[in-house]
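Both of the next two complexes hold chain A, though its partner changes from chain B to chain C.
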Partner chain A sequence: MIIKENIALSENGFVFNPSTGDSFTLNNTGKEVLMMIKDGKNLSQIADLMLVRYDADRVTIERYLEDFLNDLSLNNLMEE
Partner chain B sequence: MTALRKVTVAVTGLNNIDSPGPGIPVIRGLKESKEFDLRIIGLAYEHLEPGIYMSDLVDKTYMIPYPAEGKDVLFNRLVEIYQKEKLDAIIPNFDAELFSFIKLEKKLEESGIKTYLPSLEQFEERNKSNLPAYGEKYGVNVPSGTEVFSISDLDNTLKSMNYPVMIKGKYYDAFKAFSLEQAVSYFTNMSEKWGLPVIVQEFIRGTEVNVIALGDGKGNLIAAVPMRKQYITDKGKAWGGITIDDKSMLDLAKKIISKTKWKGGMELELIRTTDNKLYLLEINPRIPAWVYLAVGAGQNIPEALLKLTLGMDVKPYTKYDFGKMFVRYSYDMIVDLELFSRLTTTGEL
Partner chain C sequence: MAKLIFERPTITRLTPGVPSKHGVGTAIAPMPLIEGIKVDDLMDKYGSPLSIFSERTIQKGMEDIKRAFSIRYPKVQMAWSYKTNYMDAICRIFHKEGSWAEVVSGFEYEKALRNGVRGENIIFNGPAKNAAELEKAVRNGSFIHIDHLDELYLLSDVCHRQNLEARVAVRVNMDIGIYPKWDRFGLNYENGEAWDVINRIMINPKMKLMGLHTHIGTYIMSTDAYRIAATKLADLACNIAQKFDHYISYIDMGGGFASKNTLRGAFLSGEDTTPSFDEYAEAITSAIINSQIKPDKLPTLILETGRALIDNAGFTTGSVIANKRLSDSRRATIVDVGVNLLFTSFWYDHKIHPVNSHSGLVEETTIYGPLCMNIDVIRPSLMFPALKSGDRFVITRTGAYNTTQWMQFITYRPNVILIDHNREVHVIRKGETLEDISHNEEIPEYLK
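Right after this comes the complex of A and B.
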C-alpha cells in the first residue's frame, strides 16, 4: 500500500499526478487518509485512527477505506 | 555590461486564431531572450493574420506569396525583404511552407539569411503517409494507416478496418469517422482543402500527449518538454495543457532525434493507451503553437533554435518544471482601417 512517490498532495486536498497530468480533489476525510498512507501506515492502523475520530464501526470504516484505495489504484496513484 | 547582440529575425505563422500558428508564441519566447536585441519581421500570407497587428511583438510585417506560387516567387520576395531589413534568420512555422524553405535553404544562406531546418529526406520520411514505415524503421509504435486517392480507394481500405477511423488531411486536420458516409464526407473535405492523398488511420484510444523537441542535426536532443492536453477544441487543438513528468516520452523524443539526426524543432503527437503504451500519431516538422508552455516551464526553445540558426553553441536543456499549465484565450484587437489598407495596397505594414 504505497502511494507513488511523486504524487503531490496540497493542504486543501488537491492531488496532482505529475506523470500523467491528472488532478483530483479530495474531501477532508480523503485527504486525511491519503496523508496517513503517505506516512506509511497500513490499512489496519488507519482504521484504528479513524475509529477514534469518527462515529462509525470498524466494518464500515474498512469497507470505505478499501473502496478509497481501489479508487487510488484505478487512478494510477498507487505503486503497482 | 555587454551589449545585446542585434538580430533581425523573420517569423511566419502569425495566424493566432482558433487553430493557431506557432508564430506569436515563438516571438514571445524570442522576446524573452536576455542575449538578443531583436527586431521581429512578420511574414504573412493573409491580411487578417492577427500577429500583423500586434505591434508590441512584431516590428514590421511583409506579405509573402503562398507556397502554391512556387519557391522561386517566394525566394524573390524574401530577397526583396532582405534588401530592406537585412534579415539574419527566418523561422518558418507552417508545415505547408517548409518544403519551399528547405529547397531554398542554400540559396537563402548565400543571400545572407540563415534557417535551421530538417533535410528534405528527414522532412519527407516523417510524412503522415509514411508513418507505418517510419515506425518500423525506428522501432516506434504507430497506428496502422494508409493513403487513399479516391472514394473507391477509401471504400476498399475501410472494408478491412474497424470503426471509428481517423481521416487526416495531407498537412493539417484530422477527423474521427464512425461510418463510411462520414469517412467519405471527411475525405471530400480534406482532399479539397489539402489535396491528395488523404490518410486513413486506425483510431487508438487513450490520452493525447505531446512532446516538443529540438534537435541539433547531429543526433543531440537540445530541448524537450512533454505535455498533456487538458482541453481540446473541436479542431483537436489543445486550448489548455500541462507539462508532465514522463520519462518514457522524453526517451522516445531522444530516440527519434538521435536516430534520425533531426535538425530543428519538432512536435511528437502521441497517444498513451490504458495499458501504458505510447503510439506515435504524427511528427510535426516544426515548433508547435503551444511552445510558450515550454518557455514557461524553463526551456526557451525559440531562443535555442535561433542560437542554433546563428551557429552559436547551445547547451542542451536538462530540466523543466512539471505541473505548469497553459490556458489559451482569444482577444479582440481594434485595428484602424488605415493599417489594413496600407497592408493590402503595399504588402507591408
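Right after this comes the complex of A and C.
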C-alpha cells in the first residue's frame, strides 16, 4: 500500500499527479488517510488511529478505507 | 473529548470545463430542522423513511396566493385540488383556510363530503362521471363541469328522469400558444364545440349555466398562456351575455401553476425560473378586467391551484442503505426512499439535503431507491456529499402528488406526519402493515 512517489498533497487536501496532470480534492477524512499512507502506515494502523478520533465502529471504518484505497488505485495514485 | 462525526473518505477528480455564468453552485446545506423540530428526533420516533407536512407552509402559501389575486380582483375563491393531495388532514387544512373542494371522481367526491365540505362548495371535474355520481352531485347542488358531449346527454337524461336542475359549467380547452396543447379534456374553443355545448345548455330547462372552466395544463411556466386562456373565457362569457342576457357566476382558471421544483433536464433551477403568484395573478386578472365584461357583472374567479400550494409543504426523509461503485466508476448510493414513495422523481430533480453537517465536498453520485427494479432512480446524477450507511437526508418539495400517486409496491408505505401551526406533531397516516395490505385479499378454499 504505497502511494506513488511523485504525487503532491497539499495541507488543504489538494492532490496533483504531475505525470498525468490530473488534480483532485479530498475531504477531511480522505486527506488524513492519504497523509497516513504517505507516512507509511498500513490499513490496520490507520483504522486504529481513526477509531480513536472518530465516532464509528471498526467495520464501518475499514469498509470505507478499503473503498477509498480502491478509489486511489482507480485514479492511478497507487504503486502497482 | 467528544469524538468527531465520521465522514467516509473521498477523492474527487477536478475536471476543468467551460465556465458558465449560469452555473449552479454545488454547495448543499444540511437540513437538521423542519419547522424548528430536529429531523433526527422525528425519524427516531416515527421511523425511516418518513413523510412530513408543515401546516405553517400551507398557510403561508394560501396567504400569498390569496393576497396576490385579491388585491387585483374583487371576487376570488380557492378550490382545493383533491388529486394533488387527498389525505384528509391536508384537505381539512385547506378547507379551514377557505378552500372549496375540486374533485375528479366519485371517490374524491365522497372524500370531500366526509371532510365536511358542503355539496354546493364542491366542483366536480373529470372525464368519467357515471349516472349515479352525477345524480348525487345534482341533488347536493354541486357544480358539474361538463367534459364532453356524452356527459351532457347523460346529465340531461338524469335530470329529466329525476326532475332535477343541475348547476353546470363547461370545461373549455383551447390553443394558448404552448406545447403540448391540452385538448384531451373539455370541449374545444377554436372549433366551436364549446360554444355549441353552451347553446345546448342554455336552452335546456334542466340545466343552469353557472360558469366556464379551463385547465390549460400542468407546471405551466408561461403566464402569457393564462392571459390568453382568461381572454378567451371572458370572450365566451360576453357572447353568452349578449345572446342570452345571462351572466355567468364564475370563471374557473383551473390549476397548473408551477412549484419551485426543478424539472428533470432543466438547466436552471425552478427556484429561479418559476413565475410568482403575483405574475400569474397579473396575467389572469388583467385579462378578465380588460375584457368586455361589465364591471358590475364580473364573475367570481375560481383557482384550483394544487401543486404550487402543497409541494413546498411536503418533505420526505430517509436513510442511506449502502454505497457502491458502478461499472464506469461512478458512485451510487442506495437509499430507503424509492419511486414507490416519490413518484415525482420521474419528473423532478428533487433537492436532497443531508440532515447533519458534512465537510462540504461533494462527488457525482447516482441515488437509487430500495426497490429491486431498474426504474427505481431518485436522482440519475447529482453532486452529493459522501454519506455513509445509516446517514439521513431530507428531500424537499415532495408535497404534491406523492401521497396520492405513491404505490404499495414491494414494500410498505411509511408514516405520514403533520407539524401543525403550533409545532405539535401528529401522525396523519399510519405506516402500513401486512394486515393493511392483505385484508382485501381472499384465498380460495382449495388453497387453504
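The rule is short, and it goes like this: the second predicted complex is superposed on the first by the 80 of 80 C-alpha atoms of A that agree within 3 Å, B and C clash if a C-alpha of one lies under 4 Å from a C-alpha of the other, contacts with A are read in each partner's own complex, and residues count from 1 in each chain.
In the analysis below, a contact is a pair of C-beta atoms (placed from the backbone, for glycine too) under 8 Å apart; a residue touches a chain by one contact, two chains touch by 3 or more.
Quantities reported herein were computed from a predicted structural model and do not represent experimental measurements.
Considered on the superposed chain A, chain B and chain C are sterically compatible, since they fit side by side. Contacts of A:Asn6 after superposition on the shared chain: chain B is touched, whereas chain C is not.
Residue by residue along chain A, chain B and chain C are tallied for touches, and C comes out ahead.
When the shared chain is aligned, chain C comes close enough to touch A:Asn28, but chain B does not. Contacts of A:Leu65 after superposition: chain C is touched, whereas chain B is not reached. When the shared chain is aligned, chain C comes close enough to touch A:Asp55, but chain B does not. Within the superposed three-chain model, A:Pro18 lies in touch with chain B and out of touch with chain C [touch as defined at top]. When the two structures are aligned on the shared chain, A:Asn75 is found in touch with chain C, with no touch to chain B.
With chain A as vertex, the superposed Cα centres of chain B and chain C define an angle of 90 degrees, given in steps of 10. Chain B and chain C never share a C-alpha pair closer than 6 Å once the two structures are laid over each other. Put simply, chain C touches chain A in their complex at residues 2-14, 323, 325, 329, 359-361, 386, 388-389.
Chain B meets chain A in the complex at residues 207, 209, 227-228, 230, 242-246, 272, 322-323. By the touch criterion given at the top, residues 15, 22-30, 32-34, 50, 53-56, 60-61, 64-65, 67-68, 70-72, 74-75, 77 of chain A touch chain C in their complex.
Residue ranges of chain A in contact with chain B, taken from their complex: 6, 8, 16, 18-21.
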